[in-house]
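To start, the structure itself, in structure tokens.
Letters A, B and C mark the chains as written, and numbering starts fresh at 1 in each.
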Amino acid sequence: MSTPVLSLRDLVVEIPTRTGVLRPVNGVSFDIAAGEILGVVGESGAGKSMTGNAVIGLLDRPARIVSGEVRLLDQPIQSLRGEALRRLRGKRMGMIFQDPLTSLNPLLTIGDQLTETIREHLDVGQSEARERAIAALDEVGIPAARQRIGSYPHEFSGGMRQRVVIALALCAEPELVIADEPTTALDVSVQAQIIALLKRLCRDRGVAVMLVTHDMGVIAEAADRIAVMYAGGVVELGPVREVITRPFHPYTGGLMASTPGASKGMRRLRQIPGSMPRLDALPDGCPFHPRCERAEAACRENPGPSLAACDGRAACWFPLTEPKEAVS
Amino acid sequence: MSALIRVEDLTRVFDVSKPWLNRVLEREPRALLTAVSEVSFGIEENSVYALVGESGSGKSTIGKIIAGLLSPSRGRVVVDGVDLDRETDKAKIAAVRSDIQMIFQDPYASLNPRWKVRTIIAEPVTVRGGDATGLPERLLEQVGLAARDADKYPHEFSGGQRQRIGIARALASGPRIIVCDEPTSALDVSVQSQVLNLMSDLREELGLTYLFISHDLTVVQHMADKIGVLYLGTLVEEAPRDRLFEDPKHPYTQMIFEAAPRMDAFGREAEPPKGEIPDAINPPPGCPFHPRCPIAVDRCSQERPRLREIGTTRVACHLAE
Amino acid sequence: MAQNEIPRAPSRFARARNSDLYYSFTRTPVAIVSAAVVIVLVLAALLAPLIAPHNPFDPGTLNLMNGFTPPGEANAFTGDYFLLGTDDQGRDVFSTMLYGMRISLFVGFSAVMLAMVVGVVLGLLAGYLGGWVESTIMRIADIQLTFPAILVAMLIFGIAKGITPPAYRDQMAIWVLILAIGLSDWVQFARVVRGATLVEKNREYVQAARLVGRAKFSIMIRHILPNVLNPVLVIATISLALAIIAEATLSFLGVGAPPTRPSLGTLIRIGQEFMFSGEWWILLFPAGTLLALALSINLLGDWLRDALNPKLR
């Protein structure tokens, strides 16, 4: 098997506060292969965005990586700082955020921003960079790219802006793209366009994608594999079809069942009682046990097992299905 | 059965012009945005009527007009036989107004951060000089919180709990109608299902009528009895829930049904819809959807389609059948 | 009964002890030192009659022979001892300073109160009502801003003095001073409150209040006002420092507190006449106190702004 593009091992992020140390990311491990889209899904506070930010080195102080490893192909990058990190970002790692306006400079034309990024990371001249910028815009579906390259970000609609951001993230031919809720701010019809675009470009170029979102539907359509996060840890990891049609972890199961689409014709929706624990009040044992209907004494006393204990699928002492039966 | 709420030819125009001096200096005309254009529908008592649409469809504007936060530019809203803009008897208007309450979208902005929960929930009663002793505690328990939570401040609660407090406030004045403006779109899935279940329970217990505004088709499909689909301020299709989902007539409705992400559509490689929602200040002539419509003909760009009845569906499309 | 089981909500004091503001205060040495300086100076001013060795307003206790006594030395003629020396008329500099600080603080504080009330009320009205009310208030504010504040204060001072009968002029001078400084300073309160009001009035809790039929003015006072007070508090603190300096400036120019009831500014004016004839202490001590007072209040204001604005943290 080839080396994964991105590899996380036991990543821990801590935030020291006046009342104690919080761990928004607590021992996260997963790999993403070239050309693969890993969907990282979870509710607010699960640590999914924080994981993405830790990978690209965009943690806001005082949050910091305290242990674990982030590997980009063969290179550990968790301790890179300053110039080395900046060169890696953009060149080898692209970013797409929820709000396209935060990643575009409102004072520069989109052409300037694209050519600047291309010239910074690739050894090409001004005119070649410009041609590449036009090609990139054309590829993400901006109509009349040659005419619109001199436009400013505010002259584009929300969906077109997100296309520009995708062009910007991919123009230096990175190996990894981190997309944090890329379609959340968009309308349904535009969202479908952006997902289709992201999928096509990444497959064609063999880019590894970490797609962070709270929307199960988006993950189901776009991702190859899925990592379900809860209270800072990955509770279930597996191929998207298997996890969604046959979840092992009770949290994943509850999450699927409580989406309105899953309980068609029922008067009431299935619901998970309670809400995600706050980071400063994590329960002992498995963090999900107070909300879990399958919880037993073992769940209260022991922390959730590692994914490895459950054939790499779910971090649970009493999974919904015995993993041995499911793998066939 | 006659409708509890009737909306007739409702139109709302916003003036989004620059200030007067800038307009004169830059020689720009007034800019008018038609957020809602000649929308008519009725809501039966004790039912859930949902308005769905993407941004700029005018769904929130309609909700605010019915709740009384905005006034219509043209057309009228009749609640329980009282025309809210032409009725001269102040007492009648006040009685209808106190029958309509609202649940808001953002649980972090809809509660005054400086007020205790007790004061927040009691406000609809105390502001009219009523006595609300014990009411907040009773309502808190009704929405699944504890009576002692009345002494806390909003920041001590999670998003879902705050939304429950917002629901308790909406119930305080004993309303018959509640306008729910995207009540769960700021919440996580597992919390969303709790809040939706609570709203269903309350409707049955209290015999409430909901106007449910949302962009989320799965939520609407779960909650609504009847659904109106809005595009660029016009009602393009309206049908009972099951009929709409089984047999959407309008090409726009078909498009958003097709585009919505689904949990059973693994690796779907369908052709995504074309184009984006046009600028509402200069909407396309004729049918507002014609520039994106896969079946549009010449007539669509010239003549605005009226709502036609096809069985129990009302649809504004020249070609639908 | 169930009521017995309900734990009591934490008291106001306990909540203050637990607040982020208190935490930030204990972690900011600059804030602690500034607060200490301000507290010492304010206490000294308030307790002046108890602390001051002489009463500078009682001509009976003055002895012209004590004039120009240097600090820390006994007077050559009378043998009297003055901690910080005396001025030309034999007044104890330390005592006049304490009493002068009272006047400076009183004028500054009252002026800021006046500016705050006027500014907050007009800002709320402009922000919430909009339309011609807003245009009128904010254009007046714009016009006033084109003149330096001290000029506006002098103008108001001049007019007010002109219409007061001469017999009451000295008596009224302090109040005229407060009016002049207060009215020259309302604009920034109004601008900030208007901006904050524009944000708050579109939030959903205000819509909820409109929905249940709460009247406009009630919404402004009960809902919006408490939520726009943080920036007002910051501006009030910084304005206090500016108002004290404005008072000193006016008094220094001779249009403020009368020599019979000298403020720190008046003392500095008296002192600068003797600056170059060797009697440096008459100027130095009042000036140093003014500097310490204004600087400490300003630093407190800066800290408050940082602590109340989570975006900067």
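Operating definition for what follows: a contact is a pair of C-beta atoms (placed from the backbone, for glycine too) under 8 Å apart; a residue touches a chain by one contact, two chains touch by 3 or more.
Keep in mind the model is a prediction, meaning the values are calculated, not measured.
Participant: Report the chain whose mean Cα position is at the greatest distance from that of chain B.
Facilitator: C
Participant: State the pair of chains with the top count of C-beta pairs in contact.
Facilitator: Going pair by pair, the biggest contact count turns up for A-B.
Participant: Can you give the whole-Å distance between the Cα centres of chain A and chain C?
Facilitator: 53
Participant: I'd like the Å distance between the centres of chain A and chain B, where a centre is the mean of that chain's Cα atoms.
Facilitator: Spacing between the chain centres: roughly 32 Å.
Participant: Please output the residues of chain A touching chain B within their complex, sorted ascending.
Facilitator: 43-44, 157-160, 187-193, 195-196, 199, 214-218, 220-221, 224, 240-241, 244, 254-256, 258-264, 267-273, 275-276, 278
Participant: Can you check the complex and tell me which residues of chain B touch chain A?
Facilitator: Listed in rising order, the residues are 54-55, 158-161, 188-194, 196-197, 200-201, 215-219, 221-223, 255-256, 259-273, 276-277.
Participant: For chain B, which residues are in contact with chain C within the complex?
Facilitator: 64, 67-69, 94, 97-98, 100-102, 104-106, 109-114, 120, 123-124, 127-128, 147-148, 151-152, 166, 169, 173
Participant: Spell out the residues on chain C that touch chain B in their complex, using ranges where they run on.
Facilitator: Listed in rising order, the residues of chain C that touch chain B are 2, 5-7, 9, 203-205, 207-214, 218, 223, 226-227.
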